[in-house]
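So, here's a batch of structures to check.
One chain, chain A, links the two complexes that follow: it is found with chain B in the first and with chain C in the second.
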Partner chain A sequence: MEILKSIPEINNQLTIREIGEDIIILSEDDLEIHNLEGTAVFLWKCINGKSTVKQILKKLCDEYEVSSEQAESDVIEFFKECKIKKLVSFLHEKKD
Partner chain B sequence: MDKGSSLICSIIIGETTINLKCPTPDYAKGIREYFASGKIVNSDIEIELKITAEDEAIQIPESLFTTKSVQNNSFSIKGNCAKGHFDPDLGKGLIQAHHLLTSSTRTRLFEQLLYQAFYSASKKMHYNAILIHSCGIIKEDSGYLFVGKSGSGKSTIAELSKNYCVLNDEITMIELDKEKPVIHSTPFNGYFKAKTKGSSALKAIFFLEHAESHRVSIEKVSIAVKNLFQEIVPVIGLEEEINHETHTTMLNYATIITQKIPVYKLEFSPDPGFWEEICKKVTEDGEK
Partner chain C sequence: MREKSVNDNLHAQLNKKYREQNRIHSVLYEVTHRCPCNCIHCFLLKEPKNELNIDEINQLFLQLVKEGTIEIALSGGEPFIRKDFPQILSSAAQHRFFITILTTGILFGKPEARLLEKNHIKKIEFSLLGAGPETHDSIMNFKGAFNRLIGAIRILKNYPVFIALKATVINQNVHELDAMWKLAEKLEIHFSTSLSITPRENGDKTPQKLGLAYDEIIKLNPDLLDFAPLYSNESLKNAHLLCRAGCTVGGISPEGDIFPCILMRHKIGNIRKNTLEEIWHLHPDPFLKRLRNLEEKDHTRCINCELLSLCSRCPGISYLETGDLSLHSPIACFHAKAMKKAIEMQNT
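Up next is the complex of A and B:
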């Protein structure tokens, strides 16, 4: 799937706060506040502008000891939602 | 009262005072009555209020925050219903409002300019305080804040708490200079008219939700920050417009408050029994 090969990057028009174990994101675009909890926090922290969604999926599977098949659809859904909410944009994976 | 002072209405909010210079003595009398304003005191800032009745087409927006633009300390509201200026160094300014904006049905919208005047005064006096859409109540020397949007039950809570000290059912001030946040009454009006002037250290915050019965549950901190942020009156003075920094400031305030004060969700039905549930829960948590 195309999104797995893409590199997510956090949009710079966001104010981000770590509150306890959660993350709060204020989007300047629509003034919405978004809450991230649990595995969403883990995924968010993996976004570094270098790792592809597939690589992030692998990190999640290693961390939570779940299979890629189990987690893939949830991870894709998370990143699709982040894109719709304009929290991330996607770069295509660089080819060597 | 001499002619000059008969035009003045002192609006006191916490430790800040705004002297509003009205167009006529009768207008000033009406404003004094509306805000239950007492004698004239020395002010932190002075605002001259001019009311216009020009025939030009105007539009009244829903917010005097989001439709405001500012250039060199002068502001204008989209739709030509208000404009003015404020000099933060002199602490003096002007609000020129169309009479349709100040008519009785729109008083609460017009008050938004006074909220901004409050923030102008706070900044001038280095007073660390915010206004929040909430019902503030003092019970047994402790302050309780009930937060929610219009229709969430703030006025109902005020009405059901008549035996205690109701500070306000619409806009309460939170002062953040002290170790623990302090809530203050404000002159801004909701539906509950028997409010009392006062202040108290804040003990707990409750987000309101109508329900069949009473239930108090601790709110997740991140949800509390999100909900609180949404109810803070935007922190801009008359001479400022909303920008990215405004929202970051509001988010910071919401975070600071929730780190210092326990935040609960209060599901309630319209009877005063919710106080028993609140006291039980707050006492239980306090003992932990």
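Up next is the complex of A and C:
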């Protein structure tokens, strides 16, 4: 999957706040609110503008002791959703 | 401005989350008490303050981000009087707060409008105290205030910012209430009114003497007053008894004193001495604990009042009036009685 090689970057126009164990994300116009919980918070915190989705997937698997096969589709889905909602962009693509 | 959210349900969930954890969602920060005006009803004592400097403000904003704060209103005094206000705005914008500025408009020109645009400021509120220079300037004790305000609004019409005008209706301007509405309509900007006059921050009720008498209120068209509807919104139901002060709302003075709300001026700490986390969460002042533990039933006189639907009690103003958190607000009771009569008279 092409997305696995991509490096996600957080949209710098968002208002992001950590509330307890959750992350609240608000769009610039306050029309959209997103509430991340559980593994979504873990994935979000792994976004650093350097790691590929594949590398983030590996971190998740190590942290939660699950296989890559089990988690891959969920992680891809998460990042696709983030892109659709304009929470992240994929500006860079890492060449193998 | 958000008229109707596409996900109001999420907003409600968000409010619930903040409430459960007593997290400050919204804060009003008075960056200064200095002001070129001297409004006759002003509640500030305007004693010289050792204002937080820009480094301290940056630290404060960092702590607010950690707290989870989303909305910040910057007011004064007159905020634009601070020479470093552009830096304050820039810092707040970098931390991605939703920023509102409350100002007289007196020091506002094209550079200030560009400053707002640069920092993505979405909302600005001005005080309107008359429909023309004579009344507005005399209440503000500043010649030229009205013309400067109108000039500021005209400049801002070219920028993507929500402009709101707010009027405190007092003896000196009630005769222009209708004209103020018409002016706002002509300018095509949001306008709201209030009969409430806040006692001075030390509890001195002198400003409230400027308020309208019963006989004057009952003659007014209730439609010209934003009365009680403030609390008709479901999310603010019974907020006149138990509001968000000390839970999800906070206030900060120029020198870093922390209040449960900017109108509930009981100092619960100072940001120079303790962190916000220590003041708000780890070692809350007994007053703050009491405020958070209040229940509707503690408001023994108010809870079964037949005028509750017309009540505009602000717990902060009530505390300034009475020195007690659960007592009725004399001014709100007075206004509710007058409004009831005004509505009856309108319907006959």
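One rule holds in what follows: the second predicted complex is superposed on the first by the 91 of 96 C-alpha atoms of A that agree within 3 Å, B and C clash if a C-alpha of one lies under 4 Å from a C-alpha of the other, contacts with A are read in each partner's own complex, and residues count from 1 in each chain.
We take it that a residue touches a chain if its C-beta (ideal position, glycine included) is under 8 Å from a C-beta of that chain, and two chains touch if they have at least 3 such contacts.
Bear in mind the structure is a predicted one, so any value in this text is a computation, not a measurement.
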* To do: Check chain A with both chain B and chain C modelled on it and let me know: fit or clash.
  => clash
* To do: Tell me which partner A:35 touches in the superposition: chain B (first), chain C (second), both or neither.
  => both
* Touch check for A:26: first (chain B), second (chain C), both, or neither? -> both
* Just chain B (first), just chain C (second), both, or neither: which does A:66 touch? -> neither
* To do: Tell me which partner A:14 touches in the superposition: chain B (first), chain C (second), both or neither.
  => second
* Structure fact -> Which of 44-52, 80-88, 278-286 or 296-304 hits chain B? In chain C, it is stretch 296-304
* Asked: Both chain B and chain C touch chain A; at which residues?
  -> 15, 17, 19-20, 22, 24, 26, 28, 31, 33, 35
* Sites on chain B touched by chain A in the complex -> 220-223, 225-226, 229-230, 244, 247-248, 251, 255, 258
* Structure fact -> The answer for chain C against chain A in the complex is residues 2, 5-7, 10-11, 13-14, 17-18, 21, 23, 65-66, 68-70, 96-98, 120
* Okay, in this complex, where on chain A does chain C touch? -> 14-20, 22, 24, 26, 28-33, 35
* **List of chain A residues in touch with chain B within their complex** => 13, 15, 17, 19-20, 22-24, 26, 28, 31, 33, 35, 37
